[in-house]
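Each chain carries a letter (A, B and C) given by its place in the written order, and its residues are counted from 1.
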Amino acid sequence: MSIMVQENVVLTNVDQGIWLDNYSLNPTQPGSNWSINKRTLRGGLSDGIDVVTVDNGKLAVDLLPTRGMGIWRGQFAGKALGWESPVARPVHPKFVNQNERSGLGWLTGFNELICRCGLSSNGPPGKDTVLDNNGNPIETDLTLHGKIANIPAHHVEASANENEGLISVTGIVDETMMFGPQLQLRSTLQTRLGSNSVTIIDEVSNLAGQPTELELLYHTNIGRPLLEAGGRMRAPVAELAPRDEVAAKDIDTYKDIGPPIPGFTEQCYYMSLAADSDDQTIVLLMNAGGDFGVSLQFSVAELPCFSMWKNTQASEDGYVVGLEPATNFPNPKTFERDRGRVITLQPRQKYQTSLTLTAYESAEEINRVSMHIANMQGDATLGMYRLPHKRFSPQ
Amino acid sequence: MSIMVQENVVLTNVDQGIWLDNYSLNPTQPGSNWSINKRTLRGGLSDGIDVVTVDNGKLAVDLLPTRGMGIWRGQFAGKALGWESPVARPVHPKFVNQNERSGLGWLTGFNELICRCGLSSNGPPGKDTVLDNNGNPIETDLTLHGKIANIPAHHVEASANENEGLISVTGIVDETMMFGPQLQLRSTLQTRLGSNSVTIIDEVSNLAGQPTELELLYHTNIGRPLLEAGGRMRAPVAELAPRDEVAAKDIDTYKDIGPPIPGFTEQCYYMSLAADSDDQTIVLLMNAGGDFGVSLQFSVAELPCFSMWKNTQASEDGYVVGLEPATNFPNPKTFERDRGRVITLQPRQKYQTSLTLTAYESAEEINRVSMHIANMQGDATLGMYRLPHKRFSPQ
Amino acid sequence: MSIMVQENVVLTNVDQGIWLDNYSLNPTQPGSNWSINKRTLRGGLSDGIDVVTVDNGKLAVDLLPTRGMGIWRGQFAGKALGWESPVARPVHPKFVNQNERSGLGWLTGFNELICRCGLSSNGPPGKDTVLDNNGNPIETDLTLHGKIANIPAHHVEASANENEGLISVTGIVDETMMFGPQLQLRSTLQTRLGSNSVTIIDEVSNLAGQPTELELLYHTNIGRPLLEAGGRMRAPVAELAPRDEVAAKDIDTYKDIGPPIPGFTEQCYYMSLAADSDDQTIVLLMNAGGDFGVSLQFSVAELPCFSMWKNTQASEDGYVVGLEPATNFPNPKTFERDRGRVITLQPRQKYQTSLTLTAYESAEEINRVSMHIANMQGDATLGMYRLPHKRFSPQ
């Protein structure tokens, strides 16, 4: 009998001068077909991007350590998970100027299946008051969705444990500056061999000697082939409000997916979700036939705010729906602070989250999850606002 | 008899993981001395710049796929084509912050023989109204001369066909973002073996599901040794207006090249040109002796606006004259839109241009081209404005 | 007898296509243990950073050609020279957006032992009036501490001369743009084998055809282990003023180093210094025991303005004191211009400075330097302002 792989490989460690341009970790067991594969893109706006493909044999995802440990895209049962953004390929942060276009520059690099928004702030561009080096308040322009997706990890390692049937990749990303926020993300993506899910386990630490603020949102984006007219979203909604009038207009069909419509204006629905006794909740997006779907499982104690982003524009413009578990709603940070939804981390304090993405290829599985969601829902509904509500979004 | 080269080599293709650090395509025929050579610059602000030298045996140009397929410089009959910018070497886009210095940051990377300005806008920094992700109009700052010169091509290929006596390089550059313009440039630079000219064939496509705007200008810049006091510009001018009072002051000598003058303030002359029956026109710049020159040939149907940029500053500050065929004049985009000179491309619509740069090393050739221009001119003159005119530039 | 090394090695020369990824220059003499070692960091925000370690056998420094020839850190007698910034590793300029956070983006890359501030401006973010391409005055936002620390050298060479007992590294950095400042820094770091000091010899040239302005400050930053409560600064102060009320509050103890205090607000003291008959002056920072110290020696003719930056924050936030010899005080450039402290360089004019950093590991050496400073001080004191003074800083 051959010895099973139980290996830990450092792919990047700036301090130790380690950086592997290409690397492949493969099974020792006959019949096993998992792999962890690292390559580096060259040329165009992708030049210098590290891609780490984590494939458990059934579900594969392309991790982007260079873009703050985001997940570019997935592959499941021969089908793509993700969406087709007008930005066709991963964009290296060196080409992203977040100040561009009045603070919307983040959109020049946005095309991931899962893209973190944060860590010091997320939401739309807007003014905020911060302290300068003299401790004086200055007004500054926050840019769309913060910095973390455009910071490369300085430490990346891959692990495989065939005995336990687990493979994983961990990255560490620093969002720090002198006289400013000092937040560190330690993110592990882990998956069980042959399973239909991956779990992201994140830990955000305040490295500073003083308290700091945290906003964290997982911008999870699904397009074709899963997304199609007739598809549905399912979630155990406790409270819900449309973000604005445009969303309010279609409040009755917010769970239903429409066809691509050129010029469609995005609609956002903000929710708090019911959960199991252990705070776990699930949201599900399925295709029209109900036999292809994706769910997100997370804790409402860790990620109490959930946004659904319906952006069913023409295919060329990004036909996509976002499922966005978060610590806050993606409003201006000043608004979220007023509502008590910005987290304050004390020195050395850590904030932990766990998010599991699961893909389904049968009506049976999807029915089971739908049922579970319906059970969680029960009579949990506290408030369904047909119009924007000042607790949820600015009027 | 040896088989002639008929080859197509992909130098860069991000999607297929192709990127050649160095590459050389050479003739198989004895006596033939063309070449296509690709290298990568390292260090300083040029770090990571791809240079593709296309040499037809008589005329050579250094292409910059990393800077939107611009042409850094040429070499013809032992003489340099181009100019000496205060920016001494090609600058990688990763070092250019276009928002710098109130939107003039483009100037920190400007030193090419031919540099495209566009694609969504060109002209000076200024306010414009665009739509944000919610479809709401927001005011944004356009930066000098747009983005295309600071976007690297994601696909580059070289071709040689010795039978037809043609060599070429093609690149594809995407100027796209989510909730914004989605313009794609496909540019081919092609030259006949042993000839004294290169032709740029560009195709700009609107990849979006909705109409979008296009402004495209070819900033073609000539300095020493061609440029010198006593040199002349020739063009079949149908209409002309100085851009501003500074240009108006010297309207009588706008075709004449002066010596370098420290502190000289740039003078711009805006023109529409007469053309042949097939819409082709020619502009010519010659040295004092009339035996060294460069011409640009293009279609006034494709590029109806022509600007002459006289910037005969001290050599150290950039002694240069620009010949700038374009879809518009390099005014604020809002002004050009009002004058109907901003192109609207429908979804999947393409805009094609062709521009031929020819170098001359004899008075005979230059006289022939001058004569041709004079013939085209004929009695085509419609309007010669001695003062700035509101149809051409803001007052 | 073996031949001694007398070598000059080009590590980077963009024009000649020279770039050495790794290189080591080592002694030929037995018993000699100097070295010059070049490596390239990969991954994280340090990706692409060149580090050149210059080790004279006793004192070693890590030079950063990629960050304008700054000195990341030193190593002396087994102790680190430098400080622990919240920015843990060298940051490549491609990741620094100086416009970020209202012009404070420089702070996302700040962690050096010696970081130059300049060349066209230094000091806090603020408005200034510059000329655009048309020679028209426009208002622009200067960003914190200027550009030079975020521009990579395009030429780097290492030299060793065992006969003379000297090793050195020279770099050339261009801070230039079309229609803007054209300043070139030629910097040599040189050290005597086995000595306890390094000397920086800088030459800044105005490459333009017209006069230009220069501001140059050496942000020299010391933290642990040298910095500690009970440490002292010594300098031959001719005049002194606190920058602001916060500094004025502790004017009586400005020379004394306190412990780390969470939330401590930085205190700046601006001084002019007395000097020897050859204009040389010295400032000294020592630990509590007076047996570990660092001095800076420079000419008050070259660098007439000296700032002490006390930033004894919590260790996590950057416990550090800056000793900052400069051509000006780090005020808004408009203020410094009004006070006559902005240098104007004529075309081709050069400005030269020399700065020697010396480390000490014994009370005897430190006492000798302290005594020398006390002698220079003599009765040189001209003015000690207990409150901010309008000659030194804005009120």
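Some points to look at:
As a convention for this text, a residue touches a chain if its C-beta (ideal position, glycine included) is under 8 Å from a C-beta of that chain, and two chains touch if they have at least 3 such contacts.
Owing to the predicted nature of the structure, the values given are computational and were not obtained by experimental measurement.
If you draw each protein chain as a dot and join the dots that touch, every dot ends up joined to every other dot. Copies subunit A and subunit B of the same chain sequence form an interface built mainly from non-equivalent positions, shared numbers / all numbers used being under half.
Subunit A and subunit B have Cα centroids lying 41 Å from one another.
Subunit A has residues 94, 97, 99 in contact with two or more other chains.
Against subunit A, in their complex, subunit C makes its touches with residues 39, 41-47, 85-89, 94-95, 97, 99-102, 104, 107-108, 110-111, 244, 246, 260, 262-263, 265-266, 313-318.
Residues of subunit B touching subunit A in their complex: 12-15, 17-19, 48, 93-94, 97-99, 130, 132-135, 138-141, 151-156, 174, 176-180, 182, 207-210, 347.
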